[in-house]
Amino acid sequence: MVVKKTIVVENLKYRYPNTSKLALDSISFSVDEGQFVGIVGKNLAGKSTLCEALVGLVPHFYKGAYGGKVVVDGVEVLNSSIGEMARHIGIVFQNPFTQITAAKLTVYEEIAFGLENLGMDRVEMVKRIDYVLDLLGLYDFKDRNPFELSGGQMQRLAIAGIIAMKPTVIVLDEPTSQLDPQGSEEVFKAVQRLSKEGVTIVMVEQKMEKIAQYADKVMLISEGKMIDFDSPQKLFSREDLENFGVEPPVFTTIAKKLNVKDETTGLYPVTIDEARRLFSL
Amino acid sequence: MARALSLYVETNTFLQKLDPMVKLLYILLSILLPFLILPYRVVGLTFILISCLLLLYGKVFKKVLPLLGFSFLILISIVIIQGLFMQSNRTPAFTIDGLTFYKEGLLYAWTLCIRVLDVLLAFALLVLTTRPSDLIQSLVKRGLSPRFGYVLSSALQIIPQMMSEVGSIMDAQRSRGLETEGNLWTRLKAFVPLIGPVVMSSLLETRERAMALEVRGFSAIGKKTFLFDTEMTLLDKILEWVLGILLLISIIVRIVWL
Amino acid sequence: MNLVDVKNVSFAYSENNFVLQNISFSLQKGSVAIIGQNGSGKTTLVKLLKGLLKPKVGDVFIKGINTKDTTAAKLAKTVGLVFQNPNDQIFKNKVLDEVMFGPLNIGQSVDEARENALRALEIVSLTEKSQENPYDLSLSERKLISIASILSMNTDIVIFDEPTIAQDCWGKTRVKDIVRLLVSAGKLVITITHDMDFVGECFERVIVLNKGKLLLDGSAKDVFSQEDVLSAAYLEPPYITQLCHQLHYDEVFLSPESFISYYESHRQKKETNDAKH
């Protein structure tokens, strides 16, 4: 059976207006439907720019010089508007607070915002809102004012507002970086559920232990270039990782120092379960 | 936690369920009729009476009292100034402590008071019994630009949020040795370090929010729908027609009269 | 004399709704992490230490001075507090000016302030950005600038509110280095944080708050070995410590370095044992 490619990026180059350096430089890759992809790299490496290019904010919102091709769910981003792309791909940003529209007084109405913009039929709207409230565990908060939620709940609300629009792909740009551990855990659990529902996930994250635990594949980006795109085990086992400003999961770090590898694969452990198996004396 | 800026009181009377357009029409009538129809003062007083009765019925009369209290201060000063000093003052009415009040001035002040109270109460009726979002939505449905509608409704929530942010900015600057209390000069000097971060962070937030709105199809072409698309009830429609015809008749009457 | 004395402190924002109850501890120079889930009262406690809030019950003494007898602005000479969101404080359009703002406020001369500011920028590795506009820099760089703007005031006590949030691996390493540097310079460093790996690597003492009460107070090692108590407060020890627990080690480790040396010595022991048999 041929697996559908939900994202195909070919030789993508991009430069922000009034800058001289390429923010994205000759990036090519593809993602299978339903895959969970992690993106890692240091600050300003181009991770966020790549996310913005997937949803069409680059180039439609920022303008600037653009080359190459991004096709999501069969639609070429360059020939489509951000509004149209919303039916195919959604994005969740770092700051939960600024993703609240502020125009709605309840969680329930907040989720409807995107659906109203797409001109959706009201019966269908109500159905979808009920579905995402349940999927993201927000049912008990449906009548609350969005600003009265905790960070983790707000971020789940942002995800709900996107998922209600039924995109095939959801991009999350460091969604937990401003949350406490409980809030991050809530968000990771929610993303895991989406992944099980078959949504393709692209997630930028600084917490490598989490990426190792959840992602099927990890992409390493440095100075606008894609350095590697492989399984977490293979990618984090790279000996030159630190050169790109990325520290692997702590389990991998100690395994590298102690030279503890999985004998069959020749790779270092990346999760606590793998580490426990390899470190027991 | 800061809430949305709103004076809306949920009391579930028919006033709350009434279409906001009907209430807007009522405001229009209460402003125009006392100018168009003679006897002005009687018409104005009638509107004041109707508004008071409606406010009482809507269980929001108590909320108007502080507003009335404040406006009385201004109204009294109008009475005093016009009663004493209006140019066309001829006929003395009464004298207190050697100050003579004139009939013409008092009558003029009385007319002004009626108009002010009339408009004030009509607006109170709208503001106290209508959710701001409902009002904006019904305006958007009747052709107001959705962008402008968004700006109006988001401002109601973002302004209180900004106020709470000012609190943390104040803490941050005091922690760096900035005195925010004391004489006027100290307070003026503290202004820039306080307002700077407020402006910068709201600019940053506005940009982030603009992106978040875009990816939720804010600029999508095509007709928008509304989650709570309440149809106008029969009562709404009847009232809208009645008020509209009333307005039309009084304009015609006025023109014919002159 | 203790740098900080907190004596039977309780605090409520509104009548009888206490967010902190009967907290007492003393701090000398060194490093202390205050941990606890959201709503545990961490931020309130820090604001009390900084004099931004005054206790409803009990007293807070900073170098023997009761915070009730002074203002937050006056305390700025002794206590520096780095807020979580740098955007709440940055208002100058040049990095250097921003970092000089605090020193000038507490009465340093312009030359002195510039010297201290440049030294602080060097510590956070942003010397070459000193002439740039802070809002042209990334959020994590702005965070380091807000740290520098406190370090330049050269206070005996430095408090950090979530310094590792929104930092990449480079930024986190900077923050860890800064904490170690301050401790070795004889200062008291206090942090509130959710980042347990950061606590494990950099802090000697840990105070755990739960629902406004002091749950645990002790050395990092002691606190993190009490996994049951921590999980009741919805906290998890550092990943390394979790691994030690899962491997049923009788000793816990808080940093990769200590784990590595323990593992290596045991591996050698095991190898020599195996060789004997």
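The first chain written gets the first letter, and so on, giving A, B and C; residue counts start at 1 in each chain.
Everything below uses one rule, namely that contacts are C-beta pairs under 8 Å (C-beta built on N, C-alpha and C of every residue); 3 or more make two chains touch, one makes a residue touch a chain.
Keep in mind that what you see is a predicted model, and the values were worked out from it rather than measured.
S.K.: How short can a chain-to-chain path be from chain A to chain B, counted in steps between touching chains?
M.R.: The least step count works out to 1.
S.K.: Of all the other chains, whose mean CA position lies farthest from chain C?
M.R.: Max centre-to-centre separation from chain C belongs to B.
S.K.: So how far apart, in whole Å, are chain A and chain B when each is placed at the average of its C-alpha atoms?
M.R.: 44
S.K.: At what distance in angstrom does the C-alpha mean of chain C lie from that of chain A?
M.R.: Here chain A and chain C have centroids separated by 30 Å.
S.K.: Between chain B and chain C, what is the separation of their C-alpha centroids in Å?
M.R.: The separation of the two C-alpha centroids amounts to 48 Å.
S.K.: Can you name the residues of chain C that touch chain A in the complex?
M.R.: 37-38, 138, 140, 165-171, 194, 196-197, 234-236, 239-240, 242-243, 246-247, 256, 259-260, 263-264, 266-267, 270
S.K.: Hey, which residues of chain A end up touching chain C in the complex?
M.R.: The touching residues are 42-44, 94, 150-151, 174, 177-178, 180-183, 206, 209, 245-247, 249-251, 253-254, 257-258, 272, 275-276, 279-281.
S.K.: Can you tell me which positions in chain B touch chain C when the two form their complex?
M.R.: By the definition above, chain B touches chain C via 165, 168-169, 171-181, 192-193, 195-197, 200-201, 204.
S.K.: Where on chain A is chain B touching in the complex?
M.R.: 55, 57, 61, 81-86, 90-91, 93, 95, 97-99, 101-105, 108-109, 112-122, 125-126, 129, 145, 147-148, 158, 161-162, 165
S.K.: Quick check: in the complex, which residue numbers of chain C touch chain B?
M.R.: It comes out as residues 47, 50, 52, 71-74, 76-77, 79-81, 83, 85, 87-92, 101-102, 105-106, 135, 149-150, 153.
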